[in-house]
Amino acid sequence: MDTFPLIATGVASTSLNGEILAIRYTKIVCKNDHKDEYESLDSVYQQMEKDGSDFVKLSKTEGQIVKERQKFIVHKINKDTSIEDVKDAYLKLHLLSMKLVKPNTINLEGIFSALPNVAWTNQGPIHPNDLDELRSEYDSLYVRSLDKFPCLTDYVIPNGVRIADANRVRLGAYLSEGTTIMHEGFVNFNAGTLGPSMIEGRISAGVVVGKNSDLGGGCSTMGTLSGGNNIKISVGEDCLLGANSGLGIPLGDRCIIEAGLYLTGGSKVEILNPDNELIETVKASTLSGQDDLLFIRNSLTGAIQCKPNGKSVILNETLHKND
Amino acid sequence: MDTFPLIATGVASTSLNGEILAIRYTKIVCKNDHKDEYESLDSVYQQMEKDGSDFVKLSKTEGQIVKERQKFIVHKINKDTSIEDVKDAYLKLHLLSMKLVKPNTINLEGIFSALPNVAWTNQGPIHPNDLDELRSEYDSLYVRSLDKFPCLTDYVIPNGVRIADANRVRLGAYLSEGTTIMHEGFVNFNAGTLGPSMIEGRISAGVVVGKNSDLGGGCSTMGTLSGGNNIKISVGEDCLLGANSGLGIPLGDRCIIEAGLYLTGGSKVEILNPDNELIETVKASTLSGQDDLLFIRNSLTGAIQCKPNGKSVILNETLHKND
Amino acid sequence: MDTFPLIATGVASTSLNGEILAIRYTKIVCKNDHKDEYESLDSVYQQMEKDGSDFVKLSKTEGQIVKERQKFIVHKINKDTSIEDVKDAYLKLHLLSMKLVKPNTINLEGIFSALPNVAWTNQGPIHPNDLDELRSEYDSLYVRSLDKFPCLTDYVIPNGVRIADANRVRLGAYLSEGTTIMHEGFVNFNAGTLGPSMIEGRISAGVVVGKNSDLGGGCSTMGTLSGGNNIKISVGEDCLLGANSGLGIPLGDRCIIEAGLYLTGGSKVEILNPDNELIETVKASTLSGQDDLLFIRNSLTGAIQCKPNGKSVILNETLHKND
């Protein structure tokens, strides 16, 4: 059933000028799932539109400058078109992190332009230009991040997940139960894990990791946003990317990349049979999506080699009971 | 003299249901060191046991929900058996970080099961399920980490140590005076440094680094918890792991691993004499614990090579006066 | 025109003993630019010197312990000599981060000795020895960093810049408009970017990156402070350091280092012509500062190779509109 149209309610944080900086959506209602609730919210939405206001009118507002920076909001997305404004952007990021949609399945075009740069402070989101004025309002005010995207955990706390350093997972990450993101792990928006997994490396935007896979410390998955290429990288199930390794092709299931080896799509790779005899030499990209491969750099010849993967990767179960 | 039996007092943080989330132990008394004090605490402990309570009874409790989440505690460990509950777990992590015991010398079996997953917030430890209820209690509430282990510095501040990013050192780390953990450094529990050292890479659980060694930016030491092997890795004294390098064998003293080289136990290595002549080819694991080795990858042949290390590593003293 | 002499006013954070821990300079006046204002501040400064006080006297002081840890300060630097005390150190770090001087153009000798180690807490800078006493003053007190250097954003918020994880950029970083520091990026003091750039790797002390360059995830630039060499590394314009790569030579413009390749100054490199024919073999350091080079490790022979760079690096513009 289609996710769209949908309506969501939430609380917007604004700048001192009333510009929306960020939105916490607390309820998302899909028309196809809950028609009545949808229509009741839709009438509120239409009233707001008529009033020409971004915000639900409150009968009273608190006097305090801090409280005034929080406003109730209702937002509707009819069709999955490109992102027009900050309300669209936050709603789509929530859809991903609440796991209502999978990475790479919705239209995120325009998200960078729609998101304002925000100072994510210990006192909430603040417009960078307002920092000086607001500094005197607080005993202690400091910036945790100065970025268009917030931390996932500022907005959504997924069940059964560990995130050792909350700074390193963006809102828009899709994290399945049983996922552990260690201190060196990182997950961008529109990216994530489809099952239990141990993530000590970097999941770039657009990259999806299958269940029971292990991304070793400091490993890299090539992104498509900047400096990368145009092919969406993915990691299958039961895979292991070694520490400080790198991945530039989509990987099938039960594949291993040796620690320290960066496999780019253009790397030429020697294919060996189980007896370690050279069969042929191919470009790594031709191995995209194939299962049961082991990639190493031969430590005597320096050649990147690929052989059938005999070992299977077994995640340490105790590490993944995240309760 | 034996560390155990010992008794400790501290303050427990609890969930709204009264479940213990974390404990700050402020006093630890070993029977063999301070018999009288030990016995006086033991009588309090036995009273608690009789009362069937985890907590020391206070004559009054504050009305506030926040204060109620903090409770006094007395805990005893008779023998160094495996970890049974959160009280054992925190006490053993404190023993390591207070440097009362060295890494790999106490029984930490069961620690993952004993530790609950906790939301480490700017307002203290909170049960993930309590976050929604507590959000309204605070002007600003956000999650710094969602993990079983807390940051070291939330519980223990070691003397003469710098930790550039406190998120990246877990309670249970053993950090000696003169240690500097830079932003890219990381130290897991049951791991650490035995003397002054510059740590810009990752010290995995179980890994110990000797004095005057330097772990370059982003370097990796293979752990034994997940995706690694079964041999405990260690780094001797006066060693240098280059930036983005990796280590899969225990290293002796005065060894160097070239920047960017990942040395796994299974790597085949060419042994060269001081005149750069090939003597033999061995598996890296056979070089475990040997002193004065320099490991490089020959940039023309691609072979991993090992030669006698002529240069010695000298730590920059000014960087290590951490006062 | 010369930056020095100059006078600055600011607010100092002190320990409970009155020792200066850190200073936020809010105004810096160069004599050569604003002679009148300079001289008026100079008379205040001279009065302070006469009083033998580090601090401007206030008619009233607040009773609260917390407020007393903040004091007004006026400081003068006549000539660019080495750093004598914490006031010099913070003033020079501010000069860099406010972009009044470029990295490597002022004398920073003595900075490590001049800077005290500070607990950077959620409640401001605190002397590590004062933590226990101050813990009871606050509902929640925790250490974000235990280091001589603070985060850049605690003191200076540069325009048009994004810093995904504020913990990873030190005061003293020089960040030009259009710079994005991603979660894996890092910038030390006396280092930075000269124009728009995407930084997902580590900019070591003394390293400067030219405009429109891209440092891939986890890449390393060799520093000169510890474990490195003595040659200042730099990156030219329109360069790309691949993910998990490393750089040990100063790089010209339009150069590319392949993902995963660590190029040290001592690496021997095969020079190829555009037809991929070997011309000669040289030490990487002889290629310092040359433009239009592409460095790869041949994935079949394991040799590091350098060829003319045909492709040009184009930064994704949308990612760099940091407003």
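All chains are identified by letter, namely A, B and C, in their written order; residue positions are counted from 1 within each chain.
Throughout what follows, a residue touches a chain if its C-beta (ideal position, glycine included) is under 8 Å from a C-beta of that chain, and two chains touch if they have at least 3 such contacts.
None of these values were measured; they are calculated from a predicted model.
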Subunit C reached from subunit B - shortest hop count over touching chains: 1
Same vs different contact residues, subunit A with subunit C, by half of numbers used: different
Gap in Å, rounded to a whole number, between the CA centres of subunit C and subunit A: 29
Multi-partner residues of subunit B (each touching 2 or more other chains): 122, 167, 218, 244, 260-261, 297-298, 301-303
Contact set on subunit B toward subunit A in their complex: 112-113, 116-117, 119, 122, 128, 131, 139-140, 142-149, 167-168, 186, 202, 204, 218, 220, 222, 225-227, 244, 246, 248, 260-262, 264, 267-270, 281, 297-298, 301-304
Residue ranges of subunit B in contact with subunit C within the complex: 66, 122-124, 151, 153-154, 157, 161-167, 183-184, 198, 214, 216-218, 240, 242-244, 258-261, 297-303, 313, 315-316, 318-319, 321-323
